[in-house]
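These notes open a run of structures that come right after.
Heads up, the next two complexes both have chain A, just with different partners, chain B and then chain C.
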Partner chain A sequence: MMKEFSFALYAIKKNIQSSAELRTSFLLNILGMSINNTAFIILWGFFVKSVGVIGGWTVSDIIGLQGFVALCFGIVFSAGAGIRKLADDTASGAFDRFMLSPKNLLVRVATSSFSVSALGDVAFGIVCLGIYLVLIHASIIQLMLTAFLILITVIVFLSATIAVYSMSFYFTDADSVTRSLFELFLTPALFHGGAFQGTMRFIFTFIIPSLLIGTLPVEIVSHVSWQKFLFVSVLAMIWFVVSLGIFHHAIKKYESSNFMTFGS
Partner chain B sequence: MESNSIIVSRLTKKFSFSAKNASSGWIKNLFFPEKKEIVAVNDISFSVKHGERIAFIGPNGAGKSTTIKMLTGILFPTSGMVTILGLDPTKDRKKLAYQIGTVFGQRSQLLPNLPLTDSLEFFGVMYDMSDEEIQKRIRELTELFDLGSYISQPVRKLSLGQRMRAEVAASLMHKPKIILLDEPTIGLDVVAKKSLRDLLLKINREEQTTIFLTSHDVGDIESLCDRTIIINHGIVIKDLPTQDLAKTFVYEKYIDLVAQNNFEVFPKLPNGIRYSLQEKNKVTVVVDVNQISVQDSLKILLSLFEVEDVNVYSADLETVIRHIYETDSIGN
Partner chain C sequence: MKQIRLAIKIVKTLVKDRIQYPGRLIMDLVAILMRCGILLILYWTVFKLNDGMINGSTFLFSAWSIFFYFSFSIMRYREISRVIMQDVQTGNVEVLFSKPISYLSYRMWWQIGSGIYSFFVITIVSTVGLMLLIGLPPTMTIGLFLPTFLLTFLLGSILSLLIYIIVGLLSFWIEDINPIFWMVDKAVMILGGSYLSVSLFPPLMYKIALYSPFGASQFVTHTVFTSWQSNWYQLVGIQLGWILALGLIVFVMFGKAKQNVSVNGG
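Coming up: the complex of A and B.
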């Protein structure tokens, strides 16, 4: 276990070195993503100002939601960007090199690539959560809940990503299938949390875990709801186990191919 | 040492795919496509002894790469069994990875944006080697593969020949007992090819590494491998010492006839002699010595053609291999 962890850290370090080689791209990506995300939050700010409070959600809650989603997105896709390349890797046969590795397959895949732009999301997520916690005058308990919920949202996001990109092994046109499925998961996660009631709330909690990475964490922190915290934690663990099962089942479908590819 | 490094028993791999049915409408084809199946590897069996150098050859689409991918655990067999150094690649993928090295000519395992030394170090860390072991092994491989002049260059800046040497070096970082190479000399010039073959022979001699390679290059087979397994249509059609392969068509002799003036007509030849090449300045015929002697053939040919020069020779290995592929294709 320690060897796997140590190798994962080493691989991430090498990926960062590899990305840092292309410094201009590195800096432009971070700047670009920060501008993009800030524009998004300003848009939601204007929306709330014009429409008013919906389902008890204020501007600060939306900032918190953007913070949680951006942070888990950024953490998973900076260090584990390789998962996002599964569709390409399986289609081109580049996945072969992971099968030849003596390391845990998922760790090897995830740490095979590093997304520079995702670091912009990490920075943006931290800033948003900081603003959110200041706006709600967060107590020590709310600060601790936020810290735990960052970990939980990362687990849910990672699980959903693994499950979605494992579909790469089942479809010929995996790229478009996985992209659509991933949008189906991510887009609702960024919506105004007050919009999800009744059936919609059920679907995007139990079937598609979009609300677990933004809406529910904000509600937990805002209302200090231990019941919801426990509920989200249990669902996160279930999603993690299920996603690992899906991945290990899926790799048996791998058929390789003979396109020219490079390593990482 | 007589123990087997590789045992393949009744190995089969089938691939299924959706195919368009011309008689159905596009909606039916879109939602309910017809499923077809191809048998890439069909019930093959062979074994490889420790330290052997095997050429696993066949025409394109014969099942070579599919077999090598099943041996390394990349693909799961449809049926049959593979044992590599006592391990089952489908169940012991990680353990097996510590024992084997792989080189795919069309697929790099190196880190493109970083210096070559980083890729070698990466492999060392991946195989749980200590820092000291990694540095020692990098020094050994740098010397063995003569990597010194470009080890600090980013991999993407290396020439193809340099990169292939680096690929083989990286695959040997953890001192594997078996190295499997899929077309390692593809695209290399003659000098780079020879250099790579010499290196492989050297590691086989010095580290007793078993070599299992697929190649379309006869030079790889002739100069590297002591045994050749030929696969076609997913079936092993020949498994014999490489030196015996050249004798497979020993009953055939080739005769080149160089024209004194241009050949204008190409008369019908008697039984046992057939044209292999018909050009105005040169004719090549194949003589089946079981039917007609070389001496009689020459008498007939010299009476039919006005020649400036004659050359009699046995088939080279490339011709033998081509002949085997063609004979097998006709048989199928």
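Coming up: the complex of A and C.
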């Protein structure tokens, strides 16, 4: 386990060093993505200003929501952008080289690529969460809850991503399918949390875990709800185990294309 | 004549390709259902909480306006920036420059061909669905609506392509245009009336949307409102003005970009 972890860290470090070689592009990507994400806050901010508070959600909650989602997105895709390339890898036969590697397959796949722009998401997420905590005059308990919830949202996001991109092994036109499924998961997570009531809340919590990465964490922090915290933590663990199961089942479907691509 | 034949050929080939692989259609359908569908549910809740009226507009008008934005986005004009960047980065642009076709018009028709099949199928299905679910606003049933809608759609398409071509052409000078692309794209998203309906824009934001090319490229979202009947020609005029201005910029930029490429023919 520790060996795999240190390998993952080594691969991430090398990926960052490689990307940072193109310094201007590296910095522009981080800055650009941070500005890009601000658009959602502007939009939902104007929305709340025009229509008023819905479901108890204010502008500060929207900032918190964008912070949680951007941070978990950024952490997962900066460290493990390779998962997103599974559809391409399986279609082109490039997945062979991962299967031949003596390292843990999932870790090897995930750390095979790095997204510079995701670092912009990380920066944006940290700033947003900082602003959110200041705006709600967070107590020590709320600070601690936020820290734990960042970890939990990363687990949920990673699990959902693994589950979605594992579908690459089941479909011929996997790229379209996986992108649709990922859209299905991510889009509701970025929406105004007050919009999800009743059936919608149930669907996007239990069937598609979109609300687990933003809406519910914000509600937990703002209301200091330990019950909800426990509930989200348990669901995160279940999702993680299920996603690993899906991944291991899915790779059995892979048929080697016998491509001689042993590089990188 | 040769240009038109090439355009038809490109569009026909890509439509056949999209029919053969329905994955893209499913992806577009899921995207519009997710983004637009949930947004409409949210707006429905919001209007209900505000007694059916916000900023003098009802849910019916806002819903159709938002739908037009997302429907227009299925054409994927924005992708042309990245396609140009890829051509430059991979050196494909060198190959295309050496062919007896206009590079930019080839890329424009390619983009239109890529999105047109999904656009028609999803727009027709969604329009019928939305009509049955919430009905049509009275502004969409008058004779003026359809011709002016088609006109602003056409001009919006040209304007969108020009905006994103300018971003794409920057890749002849800048290594990675993605950060600029994101900013432009979000400006179009905010000022075009995507998540925030045009009817809910604060006055200053509305003015910026009206007079900037980013907002002007999405004037289809304005067509459902009552004000469209009296000021449609002004808005169309703004679109034409921006098309001329940006067309000139593209012409100059492309001329300079070509000088930056050395065709080796290897």
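Please note the rule applied: the second predicted complex is superposed on the first by the 257 of 264 C-alpha atoms of A that agree within 3 Å, B and C clash if a C-alpha of one lies under 4 Å from a C-alpha of the other, contacts with A are read in each partner's own complex, and residues count from 1 in each chain.
Following the convention adopted for this analysis, a contact is a pair of C-beta atoms (placed from the backbone, for glycine too) under 8 Å apart; a residue touches a chain by one contact, two chains touch by 3 or more.
Keep in mind the model is a prediction, meaning the values are calculated, not measured.
Of the two partner chains placed by the overlay, only chain B lies in contact with A:252; chain C stays clear of it. Contacts of A:202 after superposition: neither chain B nor chain C is touched. When the shared chain is aligned, no partner comes close enough to touch A:5: not chain B, not chain C.
Looking at the shared chain after the overlay, A:226 reaches neither chain B nor chain C.
When the shared chain is aligned, chain C comes close enough to touch A:192, but chain B does not.
In the superposed model, A:97 makes contact with chain B only, not with chain C.
Contacts of A:170 after superposition on the shared chain: neither chain B nor chain C is touched. Shared contact residues of chain A with chain B and chain C: 22. Of all the residues in chain A, the ones that touch chain C in their complex are 22, 24-25, 28-29, 31-33, 35-36, 38-40, 42-44, 46-47, 49-52, 54, 117, 171, 173, 175-177, 179-181, 183-184, 187-188, 191-192, 195, 197, 200. The residues of chain C lying in touch with chain A in their complex are 21-24, 26-27, 30-31, 34-35, 38-39, 41-42, 45-46, 49-50, 54-55, 175-176, 178-180, 182-183, 185-186, 189-190, 194-196, 200-202, 205.
Chain contact summary for the complex, chain B toward chain A: residues 15, 18, 65, 69, 72-76, 93-95, 97-98, 102, 104, 106-114, 118-119, 122, 125-128, 154, 156.
Those residues of chain A that touch chain B in the shared complex are 3, 7, 10-11, 14, 17-19, 21-22, 93-94, 96-97, 99-105, 172, 252, 254-256, 258-264.
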